[in-house]
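You will see two complexes here that share subunit A, one where it goes with subunit B and one where it goes with subunit C.
Right after this comes the complex of A and B.
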């Protein structure tokens, strides 16, 4: 009995105005977002090729992550060049840093498109599923046949999910195929696995909002009421809750400002240089002068590292508090999950920074030994290995997946319960 | 008649479910945002004065002219308006090792965001069914059977809707404003309150745009369910698509060379290339001087040279000339390379400015961007404020350099032999950086264009709405 019902749902959707609007919106925005982000990736890659460190350059730099075309996250921050000096790390960023307009508006990557637009589309599909049919009287007719309410709800869910997801899948796969023409996007099996996982998250997220839509449509008496509730719920879940809870987290965990840190760094460095110059004693001989300087540089390095560690520790706490609060809205779990899989999330960025710091300390020690012992220092080039999928799972992804699935499951169960007790008259 | 119609509209809205939801949501969100943001501002100020204190303490012990500009580099405390509008002054930092990426993941809520996203959505929800809904219910036919012109029906809907939307907004903003007024430490003056007044007017213009858009779409559709679909589609386009795409499209249309490449080029010009040029020029100078003073041809060790300068006036004279000329040669090398670098930097800056301008122009297709620019300019958290900071910083640098030169000259007069660059000296009388925001008049001037554009957009949709209602089939 389910098959004809699903077919009916799909057909009635295909013929509706709703489908045309959602279809156009999905196709247009998915294609546009992937096109724009691909060009952005291309520009950043050109930057990277230009400044790629040669042999002997003490620069930590990683090429842009191909997954950033789908979920850019913090890839731009990871892709900055970190030039290692004896006293600090000089950071340079690419061509976008000086167009302030980038800071006003969010990045239109596929993650954002799905997060905002596809969720809205899912609500538009779900909002009148039950109450509209009641208003039109077709629900009564349907249930007078030998169809169980469970079957009816299931077929509505499946039929709508398919019509919702198929246009998106088509464009997405087409875009992926086109990307395969570019050798920079040739993926290992793990890469494909990541891509599959991202797609799964996209679909799960759409399912979540579709279920929410159907749930509210079984609870509300009229389709118009259902829509108003859903639109405000959508704004709250997608924007308001994650944004406000991030602000709240900031109130709970105090983190020194970036500006304060850089002032501190300058103070430490400048002070030690001054003390070094004042201590300078030409009678001490070359060895003596060198060891005096080394003492000062060690102080700089030590104090800056301690400060950095303190900052990383506090910032880590802020991130974990913010994340826990953000997850009040499953949308946050979706965003964190996709970014984690893409390797452009906050944890990845922190890990990258730690790797840069370790590289700096290796270089520092090498340079110091060279000047002390007169031996040639040679440094292996900087290399960063992204977190493996296993690590990503252990460090929070499993929870985000579980959380999204849990919400979806709860919405489905709640709508089933509500529909079983629904007054179809 | 008009009055009755408007009253009916307002009452209709006030009793509706959507009004209730909007009111409750705004009454929670606006005050919550204000409380959190003003706490944030106060904490930022505290942190700022703590940092300034640290700088003062540092300067007392270690102030020396060689590296002091790194220590006293200008920064500004959070502005009063940050209690309501964050603008671009948020800490998104690309040039420091540490950055705070959280706002990039979830942009923080502020008043601009509430108007931009929540209120535009609410406005569409208020108006998407205002005409086709009445047609579906049959009341539109009844209404027009009375001696009411169609234009006055649309007009009363516009006025009634706008008032109904303004009520929750103003009420919630008043609560927020009360908090700000009671938090005296935020330091709001008459200037901030006036600016807020203009921002409120701009908000109403912005809301009016979306309300009228909904009205227009509701005359173009038979049923309210298809009207809301088109409305949301257009909303997505204006709110999410146009603004977010505009800087990217601008960066493709008007690309700028990579900053990193420029930095490297500058480094090369100032360092390697300058040294090569300097060495070349000094060689020429030495040759010329040796022709003039053959005495300089002798090769001497540093000790012998010192003795010679002390004992032989002729040698000393020649040596002095050589040092002078060498210094001139280096100055010339610095000047040439400096001019080269400046040209490159100017070119880069020109290209960057052009790209930013194009981004602004493209984004202005959406009323969201127009409102964002109005709000950030008036609250002095926008692009022009950023420019002003850069301008004042440059000015301060010049002042500080003049101060340094003066002090160094005085110190050298005391003891010419001493290395004053690396000696701690008192600098209590140094020029201090003070950030003064733009005056209200300047801000209004900067906000005038987007404000006018907002007004124009309102006019366009209004004309469109009235025209399509005049031809609407009310049956």
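Right after this comes the complex of A and C.
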């Protein structure tokens, strides 16, 4: 019985103006987003090729992540170049986007398009599914047939979901095929798995908002009321809650400023240099002088590492609190999930910085050994390995997937319960 | 020869809403195959509530509603297989044509119709040929009622429930509607029709029931009505306080 109902939903949507608007908007924005982000990636890649370290350069740098075309997240930050020297790590430059407009507005990547535009489109499809049928009188005629309310609701869900995602899937897959022409985008099997997981997250997110739309349409008596409620909920879930909870987390966890940290590092360096000069004894011989300086450099290195550790600990706590609060909105779970799969999330950035710190310590030890023991120092180039999908999954992705699925499930169940009790008269 | 089996039955059926209002008060009625039963009564008398209970749109407070012997409350989907419904103001999918609407609802009723069968049904209800492939959002009420009746006919069910189907129709359309009802009766359908139109009820019905304040206060067969003036009885009841059995009423 469900097949004719699903067919009716699809046909009904195809004949409506809202489908034409959503269809054109989805095709246009998805294509535009992927086009713009590809060009942005291309520019950042060109930057990387220009500044990438040569043999012997003590620079930590990694090429832009191809998945940043879909979800840029913190890729620009991960792609910064860090110069390693004996007393510090200096941030030299990032693979900054040439497009200055990004500084004013959120990056128009596919993640953002889905997060904002497709969620709104899903609500536009869902907001009147039940109450409009009741208002226009077709619900009575439908339910006078041997159709259960569960079947009717399921057919609405399936029919609208298919109408919503098919244009998106078409243009998304087409764009992926085009990207495959560029060798920088050739993917390993794990890369394809990541892509599949991202697509699954996109579809789950659309399903979440469609379910919310249908739920409100079963609770509201009038389509206009349903639309107003859903627009408010959309703004709250997509923008207000994530922003407000991030601000709240910043009030709850104190983290020293980056500038303050930098000043402190400089102070430690200056202090130890001055102490080293004061203790300088020309009679101590070359070995003695070197040993004295090494002691001071060790202090600098040790204190700076301790400071960095403390900062990272506090920052990690802030991130943890903020993420927990953000997840009051399932939209946050979606954003974190997609960025984690793309390798552009906050955990990836944190891991990248840890790698840079380790690299710095290896370089420091090599330089010290050279000056103290006269060993020939050879430094391997910095290489960063992104987290594997398994690691990503264990380090939080499973929760975001579960959270999104749970919200969707709850919305579906709630709309089924509400519709079973719905007064069709 | 049409069998006389009961296709629709209300046994001690009552409905009290959550706000305490008693919409239907212990009614009993039966409808046999090949009969038209007209429910008369003022607005709020309980006619539509009775129909809604047979359609499982409402749950009864007491009693049972049966369609072809199937308890509607226990097996609503099974009962609805034997029912078709035409409301006072048939609403269809505006973006679909008359043909598409009919095809869709026929499929819901378990029938796959060919284009010719669809056209033939639409001709039977006297819809103009040029409207077959027109979107129904431009249809008048009369045209929508015709498509609604075609949907009910397409389902080929044992019982047809009509909730004031001719209200607001022009006389010609109402007359066409009545002709089709008689044809359906001749085919052995049981038809329960709520209406305000006393004259048409008297003309077409095999049984007439008058409802007042949720009670079926009077029931008359066609034969009995030959000897009585339905209009007078109806107006008498509408003007009197509700009391079953008064003035010779048997319900």
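Convention: the second predicted complex is superposed on the first by the 415 of 425 C-alpha atoms of A that agree within 3 Å, B and C clash if a C-alpha of one lies under 4 Å from a C-alpha of the other, contacts with A are read in each partner's own complex, and residues count from 1 in each chain.
Keep this in mind: contacts are C-beta pairs under 8 Å (C-beta built on N, C-alpha and C of every residue); 3 or more make two chains touch, one makes a residue touch a chain.
Note that the coordinates shown come from a computational prediction; the quantities given were computed from them, not determined experimentally.
When both complexes are superposed on subunit A, subunit B and subunit C fit side by side without a clash. When the shared chain is aligned, subunit B comes close enough to touch A:257, but subunit C does not.
Of the two partner chains placed by the overlay, neither subunit B nor subunit C lies in contact with A:192. Look at A:319: by the touch rule set out above, it reaches subunit B but stays clear of subunit C. In the superposition on chain A, A:145 makes contact with subunit C only, not with subunit B. When the two structures are aligned on the shared chain, A:116 is found in touch with subunit B, with no touch to subunit C.
Looking at the shared chain after the overlay, A:425 reaches subunit C, while subunit B stays out of its contact range. Of the two partners subunit B and subunit C, it is B that touches the larger number of subunit A residues. Touch criterion met: A:346 reaches subunit B, while subunit C stays clear of it.
By the touch criterion defined above, A:402 reaches neither subunit B nor subunit C.
Angle at the C-alpha centre of subunit A formed with the centres of subunit B and subunit C, after superposition on chain A: 110°, rounded to the nearest 10. No C-alpha atom of subunit B lies closer than 13 Å to one of subunit C in the superposed arrangement. Subunit A uses no single residue to touch subunit B in one structure and subunit C in the other.
Subunit C contributes residues 52, 55-58, 77-78, 80-81, 83-85, 87, 89-96, 100, 104-105, 107-110, 148, 151, 155, 161 to its touches with subunit A in the complex. Taken in their complex, subunit A has these residues touching subunit B: 17-18, 21-22, 24-25, 29, 32, 36, 39-40, 43, 46-47, 50-51, 73-74, 77, 80-82, 88-89, 91-108, 112, 116-117, 120, 124, 128, 132, 223-225, 227-229, 231-232, 235-236, 239-240, 242-244, 246-248, 250-251, 254-264, 266-267, 269-271, 273-274, 277-278, 308, 311, 315, 318-319, 322, 326, 332, 335-336, 339, 346, 349, 353, 356.
Of all the residues in subunit A, the ones that touch subunit C in their complex are 1, 4-5, 8, 11-12, 15-16, 136-138, 140-148, 423-425. Residues of subunit B that touch subunit A in their complex: 17-18, 21-22, 25, 29, 32-33, 36-37, 39-40, 43-44, 47, 51, 54-55, 58, 62, 64, 66-68, 70-71, 73, 75, 88, 90-109, 113, 117-118, 121, 125, 129, 224-226, 228-230, 232-233, 236, 240-241, 243-252, 255-261, 263-264, 352, 355-356, 359-360, 363, 369, 372, 376, 383, 386, 419, 422, 424.
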